[in-house]
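Two complexes, one shared chain (chain A), two partners (chain B, chain C).
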Partner chain A sequence: MIQQLNFGDLLPYWDVFARGLVFTIVLTLTSTVAGLALGTAGAWARTFGPKWAGAVTRVYVEIIRNTPFIVQLFFIFFGLPALGVKLSEDVAAFIAMVINLGAYSTEIIRAGIEAVPKGHLEAGASLAMSRWEIFRHIVLKPALMKVYPALSSQIVIVMLGSAVVSQISAEDLTYAANYIQSRNFRAFEVYIVAAFLYLLLAIGLRALLRGIGRAMFPKG
Partner chain B sequence: MSDFSFWIILQNLLLATRWTILLSLIAFVSGGFVGLLLLLARVSHSKTLRVLSIGYIELFQGTPLLMQLFLFFFGVALFDIEVSPWVAAWLALTFWTSAFLAEIWRGCVESIPKGQWEASESLALTYWEQMRYVILPQALKIAVAPTVGFSVQVVKGTALASIIGFVELTKAGTMLNNVTFQPFLVYSLVALIYFALCFPLSWYSKRLEGRLNVAR
Partner chain C sequence: MSLVSIRDVRKSYGAQEVLKGVSLDVGRGDVVAIIGRSGSGKSTLLRCINGLETYQAGAITVDGMAVGDGKTDLRTLRRHVGMVFQQFNLFPHLTAGENIMLAPTVVVKEQKGEARAMAEALLEKVGLAGKFDSYPSQLSGGQQQRVAIARSLAMRPTVLLCDEITSALDPELVNEVLKVVEQLASEGMTLILVTHEMRFAREVGTKLVFMHQGRVHEEGPPKALFANPATPELAQFVGHQN
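For the complex of A and B:
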C-alpha cells in the first residue's frame, strides 16, 4: 500500500528551503553574468582573436562540452587542491558554473557572430575601423541579439544543472532538500517541493530573461 | 600507494565505463520510444493530448535531472517496492530523455513545409498515413543530427546516477579517489574517458549537420 504523503512535516524547515533557494538564485545570477562574459571573450577569440587564442578556446570548449558537469565540479573541488589550489565549496561551485556556461555560450555567440553579413565587416573596415572596433561596434550586438533565445535556454539549463553543486556541500536548494529529508525522513515530499521550486525558478528565470531581452534588443 | 598503480586505476575505470555505456544505451532507446509517443501526442489534433504532452515536457525540462532521480529513487519506494539505483536511474533518464527528444523532433516535424500536409491530404491520406508515409520520413532526415547531438547529453546525464549510488564511471572515480587519494589523476582520467565517449558523437553530429546544409 502507498504510504500517506505528509507535507506538514516540512513546514518547520521552511527557512532551510528559503536559504537554499536564495543560494541557488545568487549562484545562478552571478555565474550567468561571468559565464556570458567568458563566452563573449571566447567567441571573440574564435572569430576575431589571434590564431593561437582561437585554438586554445576550441580545445576548452570541446573538453567542457564533452564531459559531465559533475566531473568538472569534482575536478575543480577535489582535483585542483592536489596542485595547491584550494577552493571553498562556494567558490568551486561558482567557478565550475562559469567555466561550463562559458564554453556553451562561446559556441552559441560564435554562431551569432558568423551569421553577421560579411558586408557589414567590410563596411566597417572601409571606415578605417580597427578589428576591435568592428567587433565591438558592428558585430557584437546583432550577434547577441540573434542568439539571445539560445543563450536564454542555455542559462536555464545551467541553473537546473546547478543542483549538482550540492554534491560538494555547497548549500544550494538541493543541499537544503537533502538536509531536510535526512532530518524528517520525508524524502519524497521534500524532493517534490524542491522540484516544484526549481520549476518555479525556471519559469521565473525565463520570464526575467525575456524581459531583459526586450529591454536590450527593443525590436527583437 | 604502489598497489594502486596508474594501470589498476585505469582498468577499474574502464570496467565501470561499461555501465555508463549500457545505461546510456538503454536510457536512449527507451527515452526515444517514449519520446516518439510524446511527439505524436504533441503534434496530434486532440487538444487534451497536446496540453498533456506540453505539461509533461515542461515538467521534465523545467526541473533538474538530479531531482527526477531522487523522486524516482525515493518515490517508487513509497509503494513498498524495493527500487535499485539501476531501475531509478533508468526510469529518470528515460523520462528526461523523452521530454527533450520529443521537443527536438517536434521542431523537425514542424519544419516540414505545410504544402506537404496539404498535398498528402488532397491525396485522401488519413492523418496516420500522412504521418507515416509523408511527414515522418522527411522529418527523420532532419532529426538525425540533433538526435545524435542530444545523445551526448544522455551520456553526460548518466553521471548523475552516481549520486543515488549506481556504480558507473563517475561513482567508480569517487570510490577510487577515496582509496588512492589521487583526485587529480583519477578525475582527469574520468574526464578523459567521458571525452572519449562523447567527442565522437559530437563530431559526428556536427558532420551530419554540415551535410544536411549542403543538401539544402
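For the complex of A and C:
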C-alpha cells in the first residue's frame, strides 16, 4: 500500500535541516583542512622524516585504514572517557574525521612524493638546499599537484562518511533527518530530501575543489 | 695548489668496483673534459666531487674542503660546487626565473629583489632574456638546460660540474648550450665536464681525461691527445667517435 507523498509536513522543520546542513558543511571544511595538514605531515614522516616518525606513522595509517570509521568514532567518543578524556559530540566528530582523513591522505600524498623524479631532489641538494628545504620548496607542490584528483575524491568520501557522526548525536544533516522523521513519521520524504541535500553538497564540494585546484596549480 | 684534488678514489656498488683508484687535479680556471665509454665511471666520479655519491677509499678536496670525510658539511661544500644534469632537472612548478631565484633566497637568504635582479641578469647571460616567467614545460630542451646552467651560476660556484649536459638534447639544440659553456670557460670559470662532444672537448678543454674501466687511462692537453693517443683504447675510442 502506497501512502501519498507529503513534503508539506517537512516545512515546519526547515530550520532543523538548515542547521544540520551548516553543521555538516563546517565539519567537512574544518576537518578537511586539518586532515590534509595531518596527511602532509604523515607523508613527510614516511618519506623525508626520521625513521622512528615514519614507523609511528605507518602504524597509525594501518590502524585507521583497516578499521571501520564508526568504530573509530565510538572509541573516541565513548571509549576515551574511560581514560579521563571527555569530549563533546562536535569535538569528537571533528577529531575522528581528521584522524581518518589524515591516514588516507598520508598514503595519497606519499604516492605523490615518491613520484617526484629523483633528479629534482639531486638538483636541490646540489644547490646546497637542506632536506627540509628540498621537501618544502621542490617536492611538496608537485607531489600535491600529481595526487590532487585522488585527494579530492577522498575529501568527498569523508564528507559523505560524516553522516556517521549522527550516531554520537552530533547534530549534522543526518541527525536532522533522523530527528524530523521521528516527529512527523515522513521517513520517505525526509530521507529523499536528505539524500538530495548530500548530493548538492557533494557536487558543490567537487566544484569548490576544482576551483581551488585551478588556483593553486595553474599549470595542472 | 689545485682547486679540486682527487686522490686514489675507490668506489664500489656491492661487489662491482666502478672507481678503481682515480687521481686527478683540477686547477683554477681549468676546463676539464672527461670522456670514455658508458660504464667507465665518468659520471660516478663527477658525482663524488659534490657528495651526491659516497666513496670508500681515497680523498677528494675542493678548495681545501674535504669531501666525504663525514666532517665537512655537504651544504657548505655545495655552495661552492655547482652541478648541471643531463636531464636538466628544472623544478616544473616554478618559472625559469623562480628556478634561478630559489636557492639564493632559500639557502643564502638573499632579498627577493636582489635575487630577481640576478636571475634576470643570468637569464640574459644565457641568452634567455624575456623568459623569466616561462615554465619549464614551455621551453625547449636547449632553453631548459640554459636555465639550469643559470640556476647553478646563481649560487656563484667556484667550480661547475656538467654531467653529459647535451646528451638529452636534439642535435640542433646542442650548440646553443655549448656556446654558453664556452662563454663560461672564456670568463675563467673552472669547469669539469663529462661529455660526448669530442669537438667541444678538443676546442674548449684545457685538459682531457680519458676514463677506462674505472681508471684514468690517459690524460693531457686535448689537442695532443686527440692527435696522438698513447693507448690503443683511446685511439679506438676517438676513432669511433670521429
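The definition used in the following text is that the second predicted complex is superposed on the first by the 220 of 220 C-alpha atoms of A that agree within 3 Å, B and C clash if a C-alpha of one lies under 4 Å from a C-alpha of the other, contacts with A are read in each partner's own complex, and residues count from 1 in each chain.
Assume a residue touches a chain if its C-beta (ideal position, glycine included) is under 8 Å from a C-beta of that chain, and two chains touch if they have at least 3 such contacts.
These figures come from a predicted structure and were not determined experimentally.
Engineer: After aligning the two structures on chain A, examine chain B and chain C and state clash or fit.
Structural biologist: fit
Engineer: Once chain A of both complexes is superposed, is A:12 in touch with chain B (first), chain C (second), both, or neither?
Structural biologist: neither
Engineer: If we overlay the two complexes on their shared chain A, which of chain B and chain C does A:204 touch? Say first, second, both or neither.
Structural biologist: neither
Engineer: One more residue to check, A:63. First (chain B), second (chain C), both or neither?
Structural biologist: first
Engineer: Name the chain, either chain B or chain C, that contacts more residues of chain A.
Structural biologist: B
Engineer: Who does A:188 touch here: chain B (first), chain C (second), both, or neither?
Structural biologist: In the superposition, A:188 touches chain B alone.
Engineer: Where does A:119 make contact in the superposed view: on chain B (first), on chain C (second), on both, or on neither?
Structural biologist: It touches chain C, and chain B stays clear.
Engineer: By the touch definition at the top of the document, which applies to A:128: first (chain B), second (chain C), both, or neither?
Structural biologist: In the superposed model, A:128 contacts chain C only, not chain B.
Engineer: Looking at chain B versus chain C in the superposed three-chain picture, what is their shortest Cα distance in Å?
Structural biologist: 24
Engineer: Considering only the defined contacts, which chain B positions touch chain A in the complex?
Structural biologist: So the residues of chain B in touch with chain A come to 58-59, 61-68, 70-71, 74-75, 77-80, 152, 156-157, 159-160, 162-163, 170, 173-174, 177, 182-184, 186-188, 190-191, 194-195, 198-199, 202.
Engineer: Okay, in this complex, where on chain A does chain C touch?
Structural biologist: Those residues of chain A that touch chain C are 117, 119-120, 122-130, 133, 137-138, 141-142, 145, 217, 219.
Engineer: Where on chain C is chain A touching in the complex?
Structural biologist: So the residues of chain C in touch with chain A come to 50, 52, 74-76, 78-79, 81-83, 85, 87, 89-93, 102-103, 106-107, 135, 137, 148, 151-152, 155.
Engineer: Considering the complex alone, what residue numbers of chain A touch chain B?
Structural biologist: Within the complex, chain A contacts chain B at residues 1-3, 5, 62-63, 65-72, 74-75, 78-83, 156, 160-164, 166-167, 174, 177, 181, 187-188, 191-192, 194-195, 198-199, 202-203.
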